[in-house]
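Below you'll find the structure I mean.
As written, the chain order gives the labels A, B and C, with residue 1 at the start of each chain.
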Amino acid sequence: MIRAGAPVLLDVRELEASIGDKPILKGVSLEVRAGEVHAIMGPNGSGKSTLAKLLSGHPAYSVTRGSVAYRGSDLLGLSPEARAQAGLFLGFQYPVEIPGVSNAQFLRLAYNSVQAARGAEELDPLEFDDLVREKLALVDMDPSFLERNVNEGFSGGEKKRNEILQMALLEPVLALLDETDSGLDIDALRVVAGGVNSLAGADNAIVLVTHYQRLLNYIEPDYVHVMEGGQIIKTGDKALALELEARGYDWVRAEFDAARAAA
Amino acid sequence: MVAAQSTFLTTLLGSAPQRSTGMAWLDRVRAAALERANAAAVPSAREEEWRFTDLAPLARLSFQPRAQAAAPSTQAVAARLLPQAYARLVFVDGVFAEALSSLPSSAGVRVMALEQALRDEPALLEAQLARLGAYEHNVFTALNTAFLREAAVVVVDPGHAVSGPIHVLHLASGSAEPYAIYPRTLLVAGARSRCTLIEDFVALGEGAYFSAPLAEVSIAPDAAVSHIRLQREAASAFQIAAAFVEQARGSTYRLVHVALGARLSRLEVSVVHGATACETAIDGLAMIGARQLADTHTSVDHAHPEGRLRQTHRCVAGGAAHAVFNGKILVRDGAQRTDAAQSFRGLLLSERAQIDAKPQLEIFADDVKCAHGAAIGQLDAQALFYLRSRGLGEQQARNLLTYAFAAEVIERIAVPAVRSALARVVLERTREAA
Amino acid sequence: MSAVIQDLVNRPYEAGFVTPIEADVAPRGLSEETIRLISAKKREPDWLLEFRLQAYRHWLTMSEPKWPNVHYPPIDFQDIIYYAAPKPKKLKSMDEVDPELMRTFEKLGVPMNERAALAGVAVDVIFDSVSVATTYKQKLAEVGIIFCSISEAVASHPELVRKYLGSVVPPADNYYAALNSAVFTDGSFCFIPKGVKCPMDLSTYFRINTQDSGQFERTLIVAEEGAAVSYLEGCTAPKFDTNQLHAAVVELVALDHADIKYSTVQNWYAGDENGVGGIFNFVTKRGLCKGASSKISWTQVETGSAITWKYPSCVLLGDNSIGEFYSVALTNHRQQADTGTKMIHLGNNTRSRIISKGISAGHSNNSYRGLVKIGAKADNARNYSQCDSMLIGSRCGANTFPYIQVRNRSAQVEHEATTSKIGEDQLFYFASRGVGAEEAVSMIINGFCKDVFQQLPMEFAVEATKLLGLKLEGSVG
């Protein structure tokens, strides 16, 4: 939902970043305001996942130019956990397995870490159990998931639902969902999208990184950005996603190159 | 250090000096190996690699080099042939039998005996023969190399897929006089090539003989080699074998080995991943009874990233048999994203049978997935009960389950004719063991 | 490996201090004379001197084992002090214990008096080689339990010591056991008579204190028919630059239906990050389930020592007897550990269970070596083994060497091994959910080790958790 005057949550300016010596982002600018849903689309290797991981503080990437402000202050100086505690959430494309640590333990630790940082109340295991069961319903997960080790032996769909469950618990201000739709069958996609929609509100924002238009049938974006070669080369509304689905990405590139040649 | 030599070694090494091969480099390799063999002793159970396998019964015996090739009856040989084979190299008591062999000449692959290979491909042989088969620390490898005179040589050109399996058949005539033979195979698979090699060791008669086979398999980038090794030596024979495999980037090596014969047998398989993204599959079965001993030692050296190993080994021991398995998985520093899994299962069919196992992981890289499992026991009581509740007699049910246990390895054999022939042998064995 | 991992591994040794207590020290070196001196100092009976001398003579014919996967410079056995005792003092209560010693325990975070009083633990303090304080002895004596130093036991219950000493670990068993049998100075003796369940956990705090004093403790625990005891052994050592040899022998004997639980937390000085200094820990621990339906359970948390060579084992002789081994071994920097167990099944229906968790960080090398042997006459024996390794960083090694020998077809033996890691991916995942590296590591490690920690008595479990966290601080991130 686009509202004039809504506070700016994320302000990315001319961001350039590399992994080792290899430049991945080549000048990305993006503004996200409260209440908005953005979709970043683009072919494989365009840099869209890099952007999501970099924003949440992944150590593999180094910023070489540009700035990122989150709710008005510098984001790049913060550790990944400080970003999470400040309300930034990354839904992973490939959530890692953590043997030996139960999902319940992990979720409570994460929840309490974020609560503590917000000065809010931490929950003991019993209180937390009540809370988490309520959230489980949102993503249609069985309580037995809580006893299993974090992501260990989870199917692709279970891992993604587990990510949305975490999102539901941590109630982020800004959620970056990296290819949350990949590897999901249609039922799982519906569940995940339903979870995301129920968490969207006037005070928070969601950035979806996705390869396909399919997810956008369920989560309606306010803005669609096309990323390629480490840059956002076109921005439009949800109609752009449909056009991309029908025509592919090449014409956007051609248009962008033509515009640049003209300038 | 000069080790006290056993009768076994003294006799073998005391045999008449070898005539020259006509190749100076090969004579040098043989001389160096002979020197190693002369300095070595028969390994004792005090050595970690031999702690479960007592060679005393072997060390007491003396074997002479095979004086002349036997001429087995065509009928006896015919039953052992594989009609589906693309090519066939037959050796009788270690000596190449040209008349029994079938060596088609077509583009892309050369299947030769050593003599011809030395003539046709001298440079390739000088570069490859005895390159992988390290003889410095192993007396049996040293013996094979020191007495190297015969060999099966297979060279597959880059990009070529050989149309059928290459059958290397070693027949033991089993004469009255104990003799020693040294079968040898060299396979050089070019980049992106495909081939199947069957090494088949069969006894035509009973008799005590000693065989120390050695295979060298060199696999170029993106090539795939399927290797089937069948050991059906005579009941009083000894076979101590080694296979050395080196894989280049993106290559695949699949080995299925089956040990059914010999009084005492041992197979040492050494696979080295010489570059990234090598894939290896090793499946083994030892099915023995009476006073047989079958020892399988495998080692897969993951020296580079992204290697993959899938290994299963099964032993079925009846009578007073003794099965040994030692499976080593080494993941070297830097071999990240290695994915290795090994499973060993042993089945004891009788009161006096025994099984020793030592799966072994040595890991020096952190981003790896390695797992092994080992289980030794008897047939699953629940499965037995289930079969009996469906009307099978107890013995029948036992046989069926024993067969199924072994068949899981047999089923990995990709050549249907070999698979079905072995399945029959295993079924017979199951009945005998019962 | 990132900086946080480095930091976590690089915490200095917190127990690194020397307590200045005067010692009565024997001259360096080993000979029959040294042994006669030790025996005389301790006013031992002739049979014990003879036991020592025979062990020594046998030791002279033996050579150091080479098969463990550990590497160290040669040990000069003539450069070791084989006897060092604090000046004799008469103590009537804990209050009289040297205040310096008490401060030592406090620095280690082990308020012994409090611990003894609050937790109901009797602490037989082995300081260097001779017991200086024993509490709760009276209370134990009331139920007929003998818990004292082994020297005391030699004087007060010679028949018991003579009957069981060397009955599980014969003097000629191995190189270090022979050395220990020749020169052991002190240790604990514990005897639980028929039908008695020990009313409290028995605990001994070992500390190595005098520089260059080789430590040769000898522990003997006997549980008669139907008796039960839980014994805790904990170790920390001050920091020294020269390596110290430690070659203890622990023997456990369980008669019919007896139950012995032996728990260890070991945190001796491991050397600095370059591998200089640190304890050589060459220990022989073995339990004999002599009686039917007896049970011996070993639990160990091994975090210290430069080199650990240790295989707490069970000989399951009695029918229906049970052996267990639960182990966490953590190595960091240049530490080397070759540890595991032996389960020897000789009786019918014997059961054993092995749970081993190895954690390697830094440049360390951690090996599990275990033997499961099912004898020809052991019908229906069962074993289950689980050996997991965790690697932290790419410069360490984790090895598994399980030996399985089955001579009886009715046996069922199962072994499983896996590896996992704590890597940047896992830590980033935690971080992206607001959880910092230290907490993440602690949670992963505790998850990895929980099957073993569950076996520890409560206070020990807490201590062990803290210890692992401390040991790994700086190694992950």
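Simple rule for what comes next: a residue touches a chain if its C-beta (ideal position, glycine included) is under 8 Å from a C-beta of that chain, and two chains touch if they have at least 3 such contacts.
Note that the structure is predicted; figures quoted are calculated from it, not measured.
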Number of steps on the shortest touching-chain route linking subunit A and subunit B: 2
Chain nearest the overall Cα centroid: C
Farthest-lying chain, centroid of Cα atoms versus that of subunit A: B
Inter-centroid spacing, subunit B versus subunit A (mean Cα positions, whole Å): 54
For subunit A paired with subunit C, centre-to-centre distance based on mean C-alpha positions, whole Å: 50
Separation of mean Cα positions, subunit C and subunit B [Å, integer]: 44
Shared-contact residues (touching 2 or more other chains) in subunit B: none
Touching two or more other chains - residues of subunit A: none
In the complex with subunit A, residue positions of subunit C that touch it: 2, 420, 424-426, 428-436, 439, 443-444, 446-450
Contacting residues of subunit B [partner subunit C, same complex]: 48, 52, 333-334, 336, 346, 348-378
Subunit C to subunit B touching residues, read off their complex: 67, 376, 389, 391-419, 421, 423
Touching residues (chain side subunit A, partner subunit C) in the complex: 56-60, 79-81, 83-85, 89-90, 92, 95-96, 98-102, 105-106, 109-110, 113-114, 117, 149, 166, 170
